[in-house]
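Shared between the two complexes below is subunit A, which has subunit B as its partner in the first and subunit C in the second.
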Partner chain A sequence: MAMAALRREGRRFAPLLSPRPIAAVRSSLVSEEDIPFGARSISTQVVRNRMKSVKNIQKITKAMKMVAASKLRAIQIRAENSRGLWQPFTALLGDTPSVDVKKNVIVTVSSDKGLCGGINSTSVKISKALYKLNSGPDKETKYVVLGEKAKAQLVRDSKKNIELTISELQKNPLNYTQVSVLADDILKNVEFDALRIIFNKFHSVVSFLPTMSTVLSPEIVEREAEAGGKLGELDSYEIEGGETKAEILQNLAEFQFSCVLFNAVLENACSEQGARMSAMDSSSRNAGDMLDRLTLTYNRTRQASITTELIEIISGASALEG
Partner chain B sequence: MASNAAVPFWRAAGMTYITYSNICANLVRNCLKEPYKTEALTREKVHFSIATWKEGKPEKPVIRSDTPEE
Partner chain C sequence: MEPPKTPSSFMSPRPPTPSTIPSKITVNFVLPYASELATKEVDMVIIPATTGQMGVLPGHVPTIAELKPGILSVHEGNDVTKYFLSSGFAFIHANSVADIIAVEAVPVDRIDQNSVQKGLAEFTQKVNSASTDLEKAEAQIGVDVHSALNSALSG
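Here is the complex of A and B:
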């Protein structure tokens, strides 16, 4: 009883006695040496509040991790299945990342939402490097940006070169119809010799490879085919029906673009969820560490004030007896 | 061989191969029986917003969507 009463007294007097009560409370978080003269017990309110907020943040990050994990599972299957769409094209037309053409269009794929680690900055960085690589006299390079995050980063220094921005792609679950309508819009709005799609290819939950897929325009395909190389084998294919080679190539290029874009968007969404999962995992771990440290400080302060009070009571009692 | 004759027509109408194949795919989906039909049709929802940029400034974004705004 006496101890509780004393503690209450002490708390009531503490602000009166200490010259800088708030500073004293703050310092309890940082160091315990700066306690002003005469302050008997320090309020632990601030530490308790901080602990509560850290605990709440941890709950949120844990929930986000769970959401990302379940979304990842659904989208991973779709992304892996969609790989079958572009592989035949690569087998037929080959992937020619080093092709040198006049009009380049860089399609940067990113996410609309943040909190997913560095995947958006990676694709922006690769896009900028590619821009530098492909720029030169009488050459023209433009950006087509998918997703809010890459847009925000590219607006800062290369907004003159942005041709199209697309967002809100993931309002509904991604599907081929949606991406093909989008691909159609891109094809109609930009002039290109080569489209270069930059996205994060999903490897595992923790590793994403920034990847570039190149889609050539039909004229360039023809030019490259005449020059020989992998594309030179195109002539060995027999074309059925009355279409000319140019028509076939144009259809193929359009269809290839929509398929490659579909795969890119899915892979990137998959990487986004994976990156978000690992980011949220590490942030809830950090919150846990922080909580441990705060609990330690809190308990130590509490223990110290109890010990002080005990000593005071005992010494007071012994003074009366003696 | 009917499709061969049709090729120049859709191209002449300003369609790309993608639009053409989408229309064909939609026709095939509509051939499904219920309940698979509605299932297949709800799977293929289109929604995104697209903005063209002129001189470093975005123009008003156009929303391409087949679901009405709620």
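Here is the complex of A and C:
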């Protein structure tokens, strides 16, 4: 339809323009087919091309969905197996999302690749809200960003607060050694009182729960334990091994961070595949709907042109007879 | 905007401390890739703490222990299951729940004696030939792990 309009426009401006540029425009849209002036049949070429491209897009999205589904199966098992890992730490050190400390580090976990629905924007949104919540005159809040997508979103308005970015996490299948090296890297390069890890916890293929895990530095753990509250019970524990209590707490905090991060990246990778699967599913469905509409238009146009031709022939014949 | 969830909302609550000492201890033994034991009730566990082997019975005082490479044995009636741990932490709570977190663990019967001997010899040689402190420390860790493995197999 649009093409017919373009052709009409082209004809109207034909005296003003040289014919070549129009042909160039047309050839980029339609295969080179020189329609003579005064051609009466309606061209269905544009619709046919459009249908072809929609069909190809549908093929691609379907394939992506299949790939995501098979990747999801593998990673879901690993994510579910790693769920036991953080629970002992939460049982021992409690869950302290509202702890008030000076140096907050927000670790945003995201994916490297797009086309996976809204999971990355969710983590970024939550990270930004958390940043606002934890910023104040005597406070320092920094971001550590895992994955390209959150980096691209955060660089725009909080570039100066990004301390560290890490990407290409999922080049190799995620394993604990790799994540603990990464955790070590973060711990070495960033000073923190509390690490807040934001990720999407996998719930089902269509639902992900944005989650925040908090890891406190050993000094804060000690401070909180002395102050009582949620960590008050920690003082009743006997500590075996190590030279001092501080040393054990240090080891404990580092180990906790690597374990929590390991689970977080796995859960997020799992959510990513799930989200990609449902996103690709809906875009294949959309492409299907679009194809149906285009087919309808195509057939209607075809029929209309046949009808016109018939009328021409019949009226011509009757004119001869009469 | 909805606030994010926190880990505690995904966790089943831990039981309160009972007034009398229960007859069994509940063990959670987790690895990064598996939950080896999940809330399993057993008679006793022996943990390889850095200060030495530590037997844990129900009603043990709350403890945080760092682990060294060694044998974790789980006693359940007459059955004893032995695992070799690389390292990790163990928390024993007041409510007779023991959490053991290890980076790597294998049942002892799956360890090959010959490769342990070979590895031990290799790392002992590396300790002697190491030139930098880092190399030496790395080799020393290798020796520690392999000699722990060795004594676990022979013991």
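By our rule, the second predicted complex is superposed on the first by the 279 of 322 C-alpha atoms of A that agree within 3 Å, B and C clash if a C-alpha of one lies under 4 Å from a C-alpha of the other, contacts with A are read in each partner's own complex, and residues count from 1 in each chain.
Throughout what follows, a residue touches a chain if its C-beta (ideal position, glycine included) is under 8 Å from a C-beta of that chain, and two chains touch if they have at least 3 such contacts.
Quantities reported herein were computed from a predicted structural model and do not represent experimental measurements.
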Which superposed partner A:239 touches (first subunit B, second subunit C, both, neither): second
Touched partner set for A:188, first subunit B, second subunit C, both or neither: first
Dominant toucher of subunit A (residue count), subunit B or subunit C: C
First (subunit B), second (subunit C), both or neither touched by A:166: first
Which superposed partner A:178 touches (first subunit B, second subunit C, both, neither): first
Which of subunit B and subunit C A:251 touches, first, second, both or neither: both
First (subunit B), second (subunit C), both or neither touched by A:212: second
Partner chain(s) touched by A:82 [first = subunit B, second = subunit C, both, neither]: second
Subunit B and subunit C contact sites that coincide on subunit A, given as residue numbers: 175-176, 180, 241-242, 251, 255
Contact footprint of subunit A on subunit C as seen in their complex: 1-2, 4-8, 10-11, 14, 28, 30-35, 38, 49-51, 54, 61-66, 68, 88-89, 91, 93-94, 97, 99-101, 103
Complex contact set, residues of subunit A against subunit C: 78, 81-92, 94-95, 97, 125-126, 129, 175-176, 180, 198, 201, 209-214, 233, 236-242, 248, 251-252, 255, 259-260, 262
Complex contact set, residues of subunit B against subunit A: 1, 4, 7, 11, 16-19, 21-22, 25-26, 43-53, 55-58, 61, 63-64, 67
Residue ranges of subunit A touching subunit B (in the complex, touch as defined): 159-160, 162-169, 171-173, 175-178, 180-185, 187-189, 241-243, 247, 250-251, 254-255, 258
